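Following are the structures in question.
What follows is a pair of complexes built around chain A, which joins chain B in one and chain C in the other.
Showing the complex of A and B:
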């Protein structure tokens, strides 16, 4: 591979991973928000209003000063219309800026309830082809106005809030070991792996890798653990009689992984450590397993590997990865 | 060369949820049907070209964070495999062409090791 600057995903691997996890739900999250968020969450409540007898030039000034694009028109507190910048433009074309609001305002009023979901408001925008809708409360009284811009802003704000919560959760997880004081703090993850369960093959390794990244592990270390533990997990699925236990014990300075099964056991351990040696069945080989590379891969990924095996009793595989004492700078940047 | 261009030029079928492939720039590839060899040989952001189409390729692809899996000779993953790939953010692509041809074409396009 040619040398190049690492991609953002390589540097911020865990962030990339988490977002990848969210990737699939990203679009639906916006959809979800469109149902979750209510009109009153995003509408403009602090309304500037106009009267029907006001000259248009005066409303134009209200719009300009407040940087808004439309106002409801009220007569004796009663809503009678809505005046938008487009209406004023129409008046300008005829040089009638001194005309009263009543002459140019839109009398067609489309209202939404303040407890309606945003999706309903979006539907109303599409149906009415209007730029702004009147928001009324349960008694039909004017409480605000909503534009598509308000909706976009509301959704972005909600996504931002989601993102901050996610960052906070990740921050808390990655400081787990710093926050808990004991003579020896370890976190143990256990997975029960079933024999011949190819359907779920790799699930435990994926979960382990994700947990490590969430806990703030260096992406490279998480990758090494993921590969080693995947091979060990598949060994339990392919070769054991009754499956086994996959265990990962995490400490600030090292990660210890192990698999334990109750048979059949390996007659000659030195033989299985040779590249290309495999006892996998023809059927399993057709799926691409049984290359005789599993243990070799594990060895390559971990700092220490041990196999203890007794035929008829079972096998215990232990793998250890040392975590460099100094934390990579990526962690520091992650503080909120 | 981004993944969108590769998909277009090789006429690959996208089996998983479509997304913005123009932002994915694979920087190499690895070809094997033996999963442990892939584990050892394929790097993050590589293309993985294989004949395998069963569920377990998703776990391998996800752990390695490959840019995409190109499944050759029209081998068809079942719906569960595609669903899992979507869940894990793995891109599955399919082609009727044999692996040899796909490798050659990718090499010509500058996707080298």
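Showing the complex of A and C:
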């Protein structure tokens, strides 16, 4: 008997390709479950049993009627062996179906405790090369049987339960506004944006977009919001003296986004609304920004844009997107 | 409905592995899954242009290598980024791409040459005036 631990690959397979990081997170959840789930969670407790003196044909009938592939063999409530379909096949090859169970049963008994983790049972399967293991309680009494199929079924059931919980969380998030009753419910996300912090530029917008999708926003609306706040966030980074605040206010039927800063302010607002007008430095242009298209882009993305600015005091940019009451039956994303 | 009509209406896809092959590209994020479908291509060095005129699920060809390229690609919902003319991204760009799960590729060809090669191989242009 070898005592080698089975590798992940032997247990889970590799689905014919290299394991990516994304797969690795999925595997680790299965792995976690293999430690979390106990033998008694997945084993078959409602056991059919055989006696050593029974003819094999009678056991075959028990297996057939109950659609199982093996039974423990008991003599006076004492476990003496296991009889599986494979044993019966051996007997059939010799035309000995009338022989007693004791002649063909497997006497090698490998047991696992009902409080053992699944991973321990998997090790026992690999070490013993048996198809089924006996499950005993803390007093050593027979309480059930476990097959690899039981383990697969148990893990799949647990994953499905995980999935349902995740769905429920998503449902709760997307129905947030329906569940809360008030005269006016708003959800506010606020981000402090640092001036000239190009390294982290766009992090806030990225988080906003993720939050909108998480809250069940239409993907097209999340895209429009994402692009608008990203341009606005970059404006805070590129043009302000001390950075500013990026704010998103979500209501059931509209999303309002704004940026506020304390300077330098825009001398002529109509000028910055012209395509191609820019005061950005060469360094900013080298990064692919400052082409004088930011505000025009924002205007294309939102339903309403307002800009108020006082030189020496600061600028406030407000952007609003209306969320239709009902999802339009054909939405823009369906083109291509 | 006739089969040909159905085929015409079906979106065109090109596997990213094929895109990399046509671009003679080097995958700079080797742990990432490249068995993904690309629906079109878009090329620009102006991030505002990328945000304004691209469509989702395509590949971005660009000569810029700073982290903003990844942020822009993420906001505009690109599936992958190809740096033209053998350019290599900054380390911050690489780590942001890994965080956001966007594959980065380096191609020896220039913008015009690479666009032409991909288009000729059947990758449609995803430049658009609609949002």
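In this text, the second predicted complex is superposed on the first by the 234 of 336 C-alpha atoms of A that agree within 3 Å, B and C clash if a C-alpha of one lies under 4 Å from a C-alpha of the other, contacts with A are read in each partner's own complex, and residues count from 1 in each chain.
Please note the rule applied: a contact is a pair of C-beta atoms (placed from the backbone, for glycine too) under 8 Å apart; a residue touches a chain by one contact, two chains touch by 3 or more.
Every value quoted in this text rests on a predicted model; they were computed, and no experiment measured them.
Within the superposed three-chain model, A:243 lies out of touch with both chain B and chain C [touch as defined at top]. When the two structures are aligned on the shared chain, A:199 is found in touch with chain B and with chain C.
Of the two partner chains, chain C is the only one touched by A:224; chain B is not.
Once the two complexes are laid over each other on the shared chain, residue contacts for A:100 go to neither chain B nor chain C.
When both complexes are overlaid on chain A, the residue A:264 reaches neither chain B nor chain C. Overlaid on A, the two complexes show chain B and chain C touching the same residues of chain A, namely 17, 20-21, 198-199, 201-203, 205-206, 209, 223, 226-227, 230-231, 234, 287-289, 291, 293-294, 296-297, 300. Residues of chain C that touch chain A in their complex: 11, 31-33, 35, 39, 45-52, 55-56, 62, 64, 66-69, 71-72, 74-77, 92, 100-101, 130-131.
Against chain C, the residues of chain A that register as touching in their complex are 17, 20-22, 198-199, 201-203, 205-206, 209, 223-224, 226-227, 230-231, 234, 287-289, 291, 293-294, 296-297, 300-301, 332-333, 335-336. Residue ranges on chain A touching chain B, taken from their complex, read 1-2, 4, 7, 9-10, 13, 16-17, 20-21, 23-24, 198-199, 201-203, 205-206, 209, 223, 226-227, 230-231, 234, 287-289, 291-294, 296-297, 300.
Partner chain A is touched in their complex by these residues of chain B: 17, 19, 25, 27-28, 33-40, 43-45, 50, 52, 54-60, 62-65, 80, 86-89, 113.
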